[in-house]
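Each structure below is given as structure tokens.
One chain, subunit A, appears in both complexes that follow, with subunit B as partner in the first and subunit C in the second.
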Partner chain A sequence: MTSLTVEKPPPAEPEAPTRTKKSVARRLIPFGYLSPTIVLIVVLMVVPIIMVISYSFRDNVIVQENSVFAGFANYTDVLTDPDFVAALKNTFIFITVSMVAHLLLGLGFAMMLNSGMLSGVTKAIFRVVYVLPWLFTIAVIAVIWRLLLDPSGVINYVLQTLGIIQDGVNWLGDPGSALWVVTFVNIWSGYPFFMISLLAGLQGIPGELYEAASVDGANPWQKFWNVTIPQLRPVIISMAVLDLIWTSQQFALIWMMTGGGPLNSTEMLSTFTYKLAFSEYEFATASASAVIVLLLTMILAFFYVRQQRER
Partner chain B sequence: MTTATLKGPRRTLAKAGLIVGLTLGGLFAGLPVLWMLSTSFKANGEVFQNPPKLITESFSFDAYTEILGNGAQLRFFLNSYIVAIAVTVLTLLVAVLASYAFSRFTFPFSKTINAVIVSVQAVPPITLVIPYFGLVVALGLYNTYPGLILTHMVFTLPYAIIMMTAYFNTLPKELDESVKVDGGNSWTALWRILVPISVPGLIAVGVYTFMISWNEYLFALALTRTDDMRTVPIGIQLLMGQHSYEWNQMMAMSILGSIPVLVLFLIFQRRFIGGLTSGAVKA
Partner chain C sequence: MAIRKASRTRLIGALTAATVALALGACGGGDSDDVAADGSVTLEFAQWWAPELPAGSFDKIINEFQTANPNIKVKLLSGPYASTKQQLVTGAASKTLPDVVGLDGAWVNDFAKQGAIADLTELMGDANYDSSQLASQIQLEGKTYMIPVVNFVYPLFVNQDLLTKAGVDKVPSTRTEFSDAAKKITATGGNVKGWALPLDTAVPNGIQNDVMSWLWASGGSMLADGKPALTTPQVKSVVEYVKSLNDAGVIAEGSLTMKEQDKVEKFTTGQVGMMIDSLAHINLVKENAPNLKFAIAPVPAEDGFTGKRGIPYASWGIGVANSSKHKAEAFKLVQFLMDAKANAELATLANGFPGNKTAKPDFSKSDPMFEEAFKIYQEGFPANEFVGLPKSEDLMRSFDENLQLVLTGKQSVDDALSKSQDSWSSVIE
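Right, the complex of A and B next:
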């Protein structure tokens, strides 16, 4: 069964051959149960998307009474803005590096936790420790890492003591390091979800496959590449695409750690759009940017759905 | 599993490697959290002392009493509880009705409606926050609880419906059929039979819903204005601005703000992870 789709409803109850008024009323029953959901989806998704698209083709929206049609002017403004291009590039680096690292860490930790050499208690303790970063909200994670990364903080102290750096580094204040540092923090906060899903996947691999590989004389390395990876492949691909989508929507972490700075070095599509709307009150231009973000996300979502169909 | 077949010295070596790996991973995951805990018990002057110490001479709960004795900080917690509990109750109610329809009825457009619900999850919040701002201002819901509660449901409802439908599908149809034989209708079957036996599923969905709402940041930032309407995540940020370097209080606030989610997670860990991996990721 595919991942994010609701399972197909069970077959219909047998219907009476003649369609009476009662059977028409019966057919409306499921829509009665769905009506609150339908109203909410219309109010929270359909109408807002229509609104943001219409804003993006107009000028003076929200803040002024009379908006005017502006054609593609807002889109031209956004796409030719060097800050937008920088945000696009930063977002690309941020999401791809995060995804690869989430996958490697998640798989590594899941395999260690799944090892047959550990006792149940040891596993349970390490599982809780490994899940820890996932249990804190992004606002908390941003504050913790700002403390750790402070120029006079504990990370600089350790690196100086080990002789790796000479003076305290202002990790978040240096345009050369800020993007890598926020990516590192995002990796720290996001790998547990991969780990949990991959652990469930590992536990679902039938033991006979490993036994058969042993009979064929496979070493652990060969078993990993010929049994584990092919068995996990569907989970890995789904998680990878979902992670790209989620990480591209990351706003709070960047906003609280750097605000997109210094010198736009950590500006993402989300922070760029937010600033246009809520710092500069350029809601029309911000809407154009928001629609572009929506389109980029839809491309990723399309790959996700196609992958799910193949499974 | 793969190493279980190793024998003798190779097995000892593999086990040693495993323990080193696990410990390094544990330090990577756990040390930042430990440092947050340690800092919350320090006096502010000791936060950046050299060399750093895990437990300092003036170990105290002062940072916590400062936060808990401050009405403005407590208001953030009150707001978060009001919003997250309301979102959880409303989400469960609406999701139970919708999941019942998907699980027990065949009707036209069910696949289309289902696909729309699933696709809501992919819509970027940054795209929605701009029209939401226009909407809540127009409806007079800007800087109010209903504005936050309503908009949070765009995140919680799709998940809740997907997970609840999967849960209902695991329950045999004969259960609710029996009510109909006794002359009851589908409404009675839902509330008398299905909902009471679905409590484990409702708890898993409820815990997840509460966590999403409690942690939400972007809408809480953009759709409220005054400090008395801010939720905990925004409150943490405000603390960072106000007393720029009251690190011990920021860490205490962070821990206090994380407690509801930590407690829920630890109590319902098994059920929650099971529900998440079977309901949402693999379904």
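Right, the complex of A and C next:
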């Protein structure tokens, strides 16, 4: 016979308040861990953004002590300013052409580096050469290209020697060419990031998909269009949206190469806003312009986040 | 037991993180105490001068001040001109300017109107300072806000080799002579042009140094009773003259986006024969092109002009922050830098001219050209009408944009001047 000993349950304690306290403490613990980040985000992002938004609805901010509420007057001033419209148009051309060229160049070079036709050493050499523009800081890029593009610079010399042009071209000083030239320099400096990201994407495509396509009798173009592109689609979309956002914020390159000139032909939203703030001291109007840029960028960010969620 | 321990560890971790967060938050809110336990005061002095002087030389001058004033310490905040300007603009906006600030005359009006810089007339009175020794003071409504410490003049630089090659035997002194020399230099061929005109709009000081200098050299003015006067025959003749040089093809290519440093580079490499530039660049030109034979001369005036020539200048000015808690100590530093001995030393080091009339810069170790330039300076008068104007950079930019339209044939001279006049009138009330 076996005896079954049942332990007495512990006497019931009045636990309810303690449990509540514990669960509150437990719920607060994650916020405790997050607090340094939260403080930094609030101090460095939330507060400045709120301040800029509030400046944009006032007049005489910063430079005078008694600023007054101005409603949407600053927004009206900015949106009806022909220079702003020109800057908006230039920025649109600059970011879309840059993004498309980044994508095409990046994909082309990535496919070349991923191809089985080149030896390992050749690939390594090309990899270093192709990534070089990405290693220079914007200031260095601006100085190098200003020197190269000078009317008496290397580029005109080479083109004249080859007989492609007769007289030296005024690349940055001509209002007709300046925007395309700064866009070209931006493309040159930014394609390696696309290339590296797309190369990583290409290397992640399973070989079996290409084998199956070969069995089905697909030619190289069909493999590219029906296997490579669909597989890279998420990377391409993410990179394209991010590139539009980053390029729209490009300031240093434009400022150091042309300053928005000649005759506003390279004026971007970033240089337009900077001039309003630090040259005209119109901080309220500059804030309104900055808020408009923020809203435009948020539209792009919305598409990026939605695309990331879908993944 | 183990669970309880883990939970306690989590709680401690979270509390530590929260403490760090509080500490982070507190960092921005604290008011640093700049009075030490021994009663000594630390002054912050923001300027762009130290990087432009021989290494360590400005620290030496400041050390002399600290030795003479053991209860005042000076913390130098040195940076390039452009970043110093940005730092001061944001500091002025947030009322956190350093105690003593290096100033450009073009910023004074805006900073004074914001109440960011102190009235030096009052500080001079408090310190019983004799201001008669100062060469100039930058004033607004009768109150001094900036004292020029060192002045840099902008004469005409001429490449003598190119001039000789072009068959010109005399450094141009009038507009006709200049135009003639520029054409002859350009005619020598090989990508060489007569003159460099930097009109980049990012830093539009080409309007002040390279365009309005022609006006001031002939005794002209762009203001009348403190208001813009850009439609006068004098200003029109300058713009028409610049346009005539452009039409004649004697201006170096790329002038619409050319920066000041490009101008110096083109002169140094013999790509242009003449430029109007800061005297401070003599050493730079000589370092980069030791064999270049060049001379300096006053900016050419209108034919037949016999009056005193205005010579453009820029200054290293000094001011005191209105928010400084140690204005008296800050003014002691100003007083020291304006003292005849220290001011002469600083002017010698900077290759500029002293802001104290009694200071005698030592030219014995300098290039003989500085002595030559000092003569030009003394024979004429320092002229820079942008000093003290509100939003002066913006004024230069709007004039620049209109001038660019003239040079590209998209606007007449009259329209350009009339639009510039309207634009300036909305700023200078």
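Here, the second predicted complex is superposed on the first by the 285 of 311 C-alpha atoms of A that agree within 3 Å, B and C clash if a C-alpha of one lies under 4 Å from a C-alpha of the other, contacts with A are read in each partner's own complex, and residues count from 1 in each chain.
Everything that follows uses one rule, which is that a contact is a pair of C-beta atoms (placed from the backbone, for glycine too) under 8 Å apart; a residue touches a chain by one contact, two chains touch by 3 or more.
Treat the numbers as computed from the prediction; the structure is a model and nothing was measured.
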| item | value |
| --- | --- |
| Side-by-side fit of subunit B and subunit C on subunit A, or clash | clash |
| Touched partner set for A:F283, first subunit B, second subunit C, both or neither | both |
| Subunit B versus subunit C as contact partner of A:L104, first or second or both or neither | neither |
| Touching partner for A:Y130 - first (subunit B), second (subunit C), both, neither | first |
| Partner chain in contact with A:A212 - subunit B first, subunit C second, else both or neither | neither |
| Subunit B versus subunit C as contact partner of A:A200, first or second or both or neither | first |
| Partner chain(s) touched by A:F251 [first = subunit B, second = subunit C, both, neither] | first |
| Touching partner for A:K275 - first (subunit B), second (subunit C), both, neither | second |
| Touching partner for A:G260 - first (subunit B), second (subunit C), both, neither | second |
| Contacts of A:P175 with subunit B and subunit C, given as first, second, both or neither | second |
| Subunit A: partner with more touched residues, subunit B or subunit C | B |
| Candidates 56-64, 74-82 or 146-154 of subunit C: the single one with C-alpha clashes against subunit B | 74-82 |
| Touching both subunit C and subunit B, counted on subunit A across the two superposed complexes | 29-31, 33-34, 36, 38, 40, 43, 62, 146, 150, 152, 255-256, 278, 283 |
| Subunit C - residues contacting subunit A, complex | 7, 10-11, 13-15, 17-18, 20-22, 24-25, 28, 86, 89, 93, 110, 113-115, 191, 199-203, 252-258, 262, 271, 391, 393-394, 397, 401, 404-405, 408, 410 |
| Residues of subunit A touching subunit B in the complex | 1-13, 27, 29-31, 33-34, 36-38, 40-41, 43-45, 47-49, 51-52, 55, 61-62, 105, 108-109, 112, 114-118, 126, 128-133, 135-140, 143-148, 150, 152-154, 157, 161, 188, 192, 196-197, 200, 202, 207, 210, 214, 220, 223-224, 228, 235, 238-239, 245, 248-249, 251-252, 255-256, 269-270, 273-274, 277-278, 283, 286-287, 290-291, 293-294, 297-298, 300-301, 304 |
| Complex interface listing, subunit B residues touching subunit A | 1-6, 11, 14-15, 18, 21-22, 25-26, 28-30, 32-33, 35-36, 39, 47-48, 50-52, 93-95, 97-107, 110-111, 113-135, 137, 150-151, 153-154, 157, 161-162, 165-166, 169, 173, 186, 214-215, 217-218, 221-222, 232-234, 236-237, 240, 247, 250-251, 254, 257-258, 261-262, 265-266, 269, 273, 276-277, 280-283 |
| Footprint of subunit C on subunit A - complex, ascending | 25-26, 28-36, 38-40, 43, 62-65, 146, 150-152, 168, 170, 172-175, 178, 255-264, 275, 278-281, 283 |
